[in-house]
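For clarity, chains are labelled A, B, C and D in written order, and residue numbers in each chain start from 1.
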């Protein structure tokens, strides 16, 4: 059961990773980063059950927090600088 | 009782994993940023919750269950907030939504 | 056993070489610092891989667990991660100063300006 | 199963690393290095190093990314195309990598419980730490108790680095320039 969950999460992570690599605009990459972060949280929770030591849920909790704060911080910084025009122009 | 819980978790985990994968495929295949945001929203909210609740039903101790519930509640608040903030920031930076007439940026 | 027996180490070597290449071949200073981070992280991965015991569990003592992974590499790497971020911060401060002094963060342009004066 | 997840994560790490080298938009590079740290932290959890994963997620994915972004706002966010063809570095890297991979054959296999490193000192710590220090987490016991002076030295290093960053930036206009416009955010100054 946990194996199925882990496989699903890994497939999702790799697809999101592909979007992060391709992502034409900066926001696509931020979105992919957010998604990889959420899936990392889930993966750690699932791995805790897979290895029969589910007492490490604290880490997953901290990951969820860091992920959210990270995305907000990134968006805060996108106000400055020229990433937006540069990022959406090409690549 | 245990068998019922097992079946319930199986259903929830399959739903969660399926929605996550569907969302990720959408993230990869959709033509522009706003549609991708829509697809990622599904994977990050309902997909993640279904997976977590499916795992939650298998928890043996109360401490683990409470931590998992905290994670679910946290995702419940942060995922939509992050998605919303992203969409606002993208609009504020004049990223045009994609339309059928292809006036926006090319996919 | 044979195939996965050294797979971790191979990936570590690949990552290490990616970081090394970014350090020596790229002229952009921020890219160099990111390369340094990749290199550091690959060394962390190497040590943590050494510490893993198959069938073992995380080194937090609990009832009913026979094997634990080796805790000593974890301690070393905890220290190394924090020191690594201090290095990164110092390097980035240097990059900011270089950008103020020269107006560029490309290595070859800086060298050109230095040779002209 | 753990091993399969491990291998999948490691392959993703390698892909992200190669992409970081190839991309020229530095903002994308910073995003990818955040993803790299997250993947690295999940690999650490798989390899039983939960404390290290904790630190790596907070420090690598959190603080490093924010620091890099702060610097990007102050400098240019696009890498210029190098004028020289990087043939010599490539050869150096390939040769060094081949030598290192040749060297890995002498290492004990991954996860081997009979490797020399696991037989000598570690079992004693695992057996003694809990009743000597009272902490069930052996990593914490070693870090805070057996190697307390080491940790003190680490704090000194961080303090020195902080002083260095402040000295470097205080002579420049970075800390002062933004104050007239907005007083709530000083990129780079928070280091």
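Throughout what follows, a residue touches a chain if its C-beta (ideal position, glycine included) is under 8 Å from a C-beta of that chain, and two chains touch if they have at least 3 such contacts.
No experiment lies behind these values; they were computed from the predicted model shown.
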Given the two chain pairs A-D and A-C, which is bridged by the higher number of C-beta pairs in contact?
-> A-D
Taking each chain's centre as the mean of its CA atoms, subunit A sits from subunit D at a distance in Å of 17
Cα-centroid distance, subunit A relative to subunit C, in whole angstrom = 20
Once you find the CA centre of subunit C and the CA centre of subunit D, what distance in Å lies between them?
-> 5
Provide the C-alpha centroid distance between subunit A and subunit B, rounded to the nearest whole angstrom.
-> 11
Set of subunit A residues in contact with two or more other chains | 13, 30, 32, 51, 55-56
Note the residues in subunit D that touch 2 or more other chains, in rising order.
-> 50, 70, 72
In subunit B, the residues touching two or more other chains are none
Let me know each pair of chains that touch one another.
-> A-B, A-C, A-D, C-D
Given the complex with subunit A, which residues does subunit B contribute to the contact?
-> 6, 9-10, 13-14, 16-18, 20-21, 23-25, 27-28, 33, 36-37, 40, 43-44, 47-48, 51-52, 54-55, 58-61, 63-64, 67-68, 70-71, 74-75, 78-79, 81-83, 85-86, 89-90, 93, 95, 105
Subunit A-facing residues of subunit C, complex | 57-58, 60, 62, 65
Subunit D partner contacts - residues on subunit A that touch it in the complex | 3, 6, 10, 13-14, 17, 20-21, 23, 26, 29-30, 32-33, 36-37, 40, 43-44, 47, 50-51, 56, 59, 62-63, 66, 69-70, 73-74, 76-77, 80-83, 86-87, 91
Considering the complex alone, what residue numbers of subunit D touch subunit A?
-> 1-2, 5, 8-9, 12, 15-16, 19, 23-25, 27-28, 31-32, 34-35, 38-39, 41-42, 45-46, 50, 53-54, 57-58, 61-62, 65-66, 69-70, 72-73, 77-78, 185, 187
Subunit D to subunit C touching residues, read off their complex | 3, 6-7, 10-11, 13-14, 17-18, 20-21, 26, 29-30, 33, 36-37, 40, 43-44, 47-52, 55-56, 59-60, 63-64, 67-68, 70-72, 74-76, 79-80, 82-83, 86, 89-90, 92-94, 96-97, 100-101, 104-105, 107, 109-113, 115, 117-118, 121-122, 125-126, 129-130, 136-139, 142-143, 147, 150-151, 154, 157-158, 160-162, 164-165, 168-169, 171-174, 188, 191
